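Labels run A, B, C and D following the written order; every chain starts at residue 1.
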Amino acid sequence: MTRPHTINRERGLRLLRTMRTIRQASERIAALYPSNVMETPVHLCIGQEAVAAGVCHHLRDEDKLFLGHRTHGPALAKGLGLRPLFAELYGRSTGCSRGFGGSMHLFDPAHGLPGSSAIVGGSIALAVGAGLSAQLQRADFVGVAWFGDAATNAGVCYESLNFAALRKLPVLFVCEDNGYSNVMPKSAHSAHDIESLAKVFMPTVAVDGTDVLATFAAAGEALTAIRAGGGPRFLHCKTKRWMKHQGHEPCDLGVVDRDRDCPIQKLETFLRGSGLLQGAESTQIAQDIEREIDDAIAFAAASPFPTPELLEA
Amino acid sequence: MTRPHTINRERGLRLLRTMRTIRQASERIAALYPSNVMETPVHLCIGQEAVAAGVCHHLRDEDKLFLGHRTHGPALAKGLGLRPLFAELYGRSTGCSRGFGGSMHLFDPAHGLPGSSAIVGGSIALAVGAGLSAQLQRADFVGVAWFGDAATNAGVCYESLNFAALRKLPVLFVCEDNGYSNVMPKSAHSAHDIESLAKVFMPTVAVDGTDVLATFAAAGEALTAIRAGGGPRFLHCKTKRWMKHQGHEPCDLGVVDRDRDCPIQKLETFLRGSGLLQGAESTQIAQDIEREIDDAIAFAAASPFPTPELLEA
Amino acid sequence: MPWSKFDCTYTAPTGGRQITYCDALREATDQAMVHDPRVFAIGLDADDRFGVFGSMRDLTHKERVLGTPISENAMTGVALGAALSGLRPIHIHLRVDFMLTAMDQIVNYVAKWQDMFGRQGKVPLVIRAIVGRGWGCGAQHSQTLHGWFAHIPGLKVVTPSTPYDAKGLLLASVADDSPVVFLEHRWLYKNTGAVPQELYTLPLGKANVLHRGDRLTVVANSLAAMHALTAIEQHDLDVELIDPRTIKPLDLDTITASVQRTGRLMVVDYDFPFGGFGAEVVAAVTERAFDSLRQPPVRLGFPDRGMPSSGVLERAYYPTPDRLAQAMTAMLLGEVVPS
Amino acid sequence: MPWSKFDCTYTAPTGGRQITYCDALREATDQAMVHDPRVFAIGLDADDRFGVFGSMRDLTHKERVLGTPISENAMTGVALGAALSGLRPIHIHLRVDFMLTAMDQIVNYVAKWQDMFGRQGKVPLVIRAIVGRGWGCGAQHSQTLHGWFAHIPGLKVVTPSTPYDAKGLLLASVADDSPVVFLEHRWLYKNTGAVPQELYTLPLGKANVLHRGDRLTVVANSLAAMHALTAIEQHDLDVELIDPRTIKPLDLDTITASVQRTGRLMVVDYDFPFGGFGAEVVAAVTERAFDSLRQPPVRLGFPDRGMPSSGVLERAYYPTPDRLAQAMTAMLLGEVVPS
């Protein structure tokens, strides 16, 4: 599995940009969070950016991505704008879910985000339904299920794997395995090895989920196979969660080494080494993104709140 | 896995007796069924007797067996009497569930039958709970989960396997695989191979579920390991269902060869070949059982019906 | 595929082609699938030779009827995912009791999906299930639960009592852009009635007056409505019988207006007695028509316990037209109503 | 381990040791586990350092507190199986919404097990869950559902509102030989009140009169009871406030007797409005005390839709003591009651 990475500059920079957007938006959320401008629980993706960027760069707007509670990273990578994201976190009517969803429930069908769910596991089945829809309609979109390691304990996960495999549906299962369910380590929640389990149902690939080029490559191969009618594929991405399960504080479980485990640093090192990134380009990208985030926050803060009439049944 | 069978006469005859009891009781039910004396749906075990006999002969009264809808065989093998069984089918107050359960809900805690359930899959978890109770109480009983091939599609099955494995609970999982869910063949309901799947969680053995000596041997080994603290085991028994899913009619799916597949004939042939069964012994056993069934039916038919006051909340 | 052109408010024809409730469901399913290629059906054993008690047999578009494993929870999610991806699924359960394995999907997902995202999207999903007593089936295969589903915001709950309603309401449910739980009583399957051949939809949220009367308003749905009708007709009672047809939305206007005229209310709810549909009707009508009520409303239904299996116990557990007639008569005489 | 010796009917002490609702739950759990070695606790994250919002921290018998994977359905079955095999489990959910994944086990198994076998066995199982609004949590993390559980025969439903009740009712639930769903509102956790140190159990099915009054009977449970009490005290209203404490069994005797005296009934039910607990109280009281009612009963609760996330919408969605006070005042004045 450790083939030398190859990537062109444009792709490399796009991946970098996506990861940075997720990172910087998340850090801004963390910074603002204690002020209570966002009245909604947040599950940040800092440290896990490579999975979102690597996988979603292969997805089209028609592909339907179903997320769980840890939404921001993959939603941004799939095409959700910073403005509708921040407005939603700010509880405004301009939010992607009009203020009804909050952080865990993001909606942007135009970019293939038909909704996300905070009950662990269930949305896996919805992605399978999207795959079924594609199959029945002979359309070429793909359903993508996005879930954590602990979601593999929920019965609905297995039921979904079985059905997708039975009907050879165009579904990509993405397990973003950060090794934890809140503070419970994987060893306490899973007797099984996720890869071995998935392999009972379908071709399965494991990748280093902190290496965006690895996830990008593996996701690309999996999606090519799926789009070619090869049935479902499972992508097991081992990654690290830098923050606490919920909220703005750093994780205190002592498993993260921010230098060794940083997907952004890894990519930058590679790009610089390959001559694809030069001088202050990275700083420039970061600054551009900061400005976009400033704009999104200004937009959110200036947006009206939803009105209570909307609550009518 | 095909070791030569060894068995002593007493065991051999006990296994034969149990299988014959199940067979003859089931055939009597089938014969009486069209007369509507039993107002309850029945799922008969004809053809599957070897699993019930082979496994349950290793079980003690303290071991807790949780059944699904196809109850008669394993319940009789575990120690339920013919009288309380028939009285329950006849809807009488002397039935093992006082007329409240019917065929699918049998209760006999003195013989380790804490109840059975007609919602496929769920009772697997109850057996795991019995195993947990044994572990927490440092008692040496075992929880036994009894289910069909199609129950492996229900999420609760996987959740149960995972938890039993995680905590190394004394639980025996018995999958009575008759290849069908009603008229749906296994190929239509399971993308997975049941053995491979179970192996992800625990040691798993596959046996010919029409060969009682094979199931007896495999169950014995599994239970010895479990009782020695080795954690859960999975027994995959491939067998044949001779009757329709429900009711008194023979199966019309064309997969059964009553000569080749008969567990009773198989055992008798073996016992005769080994000199353990002679002359008219088998006929004698059959006649004894017929008398017991006659007695049970007379008991049931003479028993009072439950009274409606029992319906009070 | 404009569905609205089939909207129809006419009342059930009294003459014409007579078909069974089962055939009405079958015809509705067939016409829905023919009219709209986005409609498909999915369910455990939905595709087998028994065809959901006959209601799915010989469909024109068999290729759009999919069987499933015993995985009702995920299959509900699959149906929802398909509904969010351009299709209009009908998810079918042979028994409502099996739906309980799917309550996370039904309550947390299906029911909430539109509210959760500010009602920006459509969820055209119908969940069909057979409800009610079988034959010695016991506590796990005899439930009804219409009022229980109706408690959850975001679910419409439809319980047709006649072949005419079965067809028109199933088609309306398929045409609806929000989730509908569609509950069919097993004991109604063989009932016959006049049913127009063409595709038509009946409004969800509009009650049907099954019998005119002046002295008592009886509200009853599904099998209970048919039993109440038998009771009223056999004993020639001066009772107005209202079948709400949809438990949610509930046509309180029709019910309240009737009670304002008759001054008396009885709800026959073949379901568990605590809370639920019966309680809602009594509470809502009391709130709205308090001054019209001449005596306390009455609810009839099941005892507050799981269903027994033995025939003698079943016959005591379940109300019958006779018991309904006795209760109505007692109420009209101002006597204590036997429950 | 005779539990009955702890039965206690005295009303909450007004003085003495003050502890929080959370600590009362913790103390009850600890004492139950110390008193009876058959009692154990199991639940997702029940054993982690947060200890179920503190209610499980520092227990004497930590070895009897087990964490679980995200497998609520099977874990409910595991708890039931353990209850059928000699133990007395307390199964804990951090949110009632997660229990929805376990409804097959709860409704088809736990609730039915005793009825299904002719009530021959015991099912000493407590299911604890935190209910109610959080903070911007949205539709999937804010439900209450007490009336919904109560609809199902075979489940007792307990919703303590005070620390005193929390302790005595939790112990009574553990002592009970039938399944109990025990629902704790997150917003009550920090409330303090007098709680005796010793082990005591309060009867399941006995209401508590939180305030005496003559002109209106208000029935409210859990957080709603506390909000109603605030409303009554702050505005010095002549209202009798009854907290049923257990939704099922429901103490209709106490409620009916009060309405017979006051002539007016309001139910404050912090839950979905269709059916459920509010409807049951209005219907049951109307049936029993019809002639005493001077005006139509009133229900207050949530709008009939999923919970929103945005703070402004939450504040509109959820009733407050102020809104309750306004409604009570309007009702006492005979005005139209704002809902």
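In the analysis below, contacts are C-beta pairs under 8 Å (C-beta built on N, C-alpha and C of every residue); 3 or more make two chains touch, one makes a residue touch a chain.
Worth saying up front: this structure is predicted, and the values here are computed from it rather than measured.
Minimum number of contact steps separating chain A from chain C: 1. Look at where the CA atoms of chain B average out and do the same for chain C: the two points lie 38 Å apart. Centre to centre, using the average C-alpha position, chain A and chain B are separated by 47 Å. Separation between the centroids of chain B and chain D, computed from CA atoms only, is 41 Å. We define each chain's centre as the mean of its Cα atoms; on that basis chain C and chain D are separated by 31 Å. For chain B, the set of residues touching two or more other chains reads 95, 97, 99-101, 105, 117, 119, 122, 153-156, 159, 162-163, 166, 188-190, 306, 310, 313. Looking at chain D, residues 69, 71, 73-74, 97, 100-101, 104, 108, 115-116, 138-140, 153, 303-305, 308 sit in touch with two or more other chains.
Because contacts link each chain to all the remaining chains, their graph is best described as complete.
On the chain A side of its complex with chain C, the touching residues are 64, 66, 95-101, 105, 107, 109, 114-115, 117, 119, 122-134, 136-137, 139, 141, 143, 155-156, 159-160, 162-163, 166-167, 306, 310, 313. Those residues of chain C whose C-beta lies close enough to touch chain B in the complex are 45, 48-50, 67-71, 73-74, 97-98, 100-101, 134-141, 303-305, 308-314, 316-317. Considering their complex, residues 73, 97, 100-101, 103-104, 107-108, 111-112, 115-116, 138-140, 147-148, 150-154, 248, 250, 272, 274-280, 282-284, 286-288, 290, 293, 295-299, 303-308 of chain C touch chain D.
Interface residues of chain D facing chain B in the complex, by the touch rule stated above, are 40, 64, 66, 68-69, 71, 73-87, 89, 104-105, 108-109, 113, 115-121, 153.
Chain A meets chain D in the complex at residues 38-41, 91-92, 95, 97, 99-105, 117-122, 150-151, 153-156, 181-184, 188-190, 305-306, 308, 310-313.
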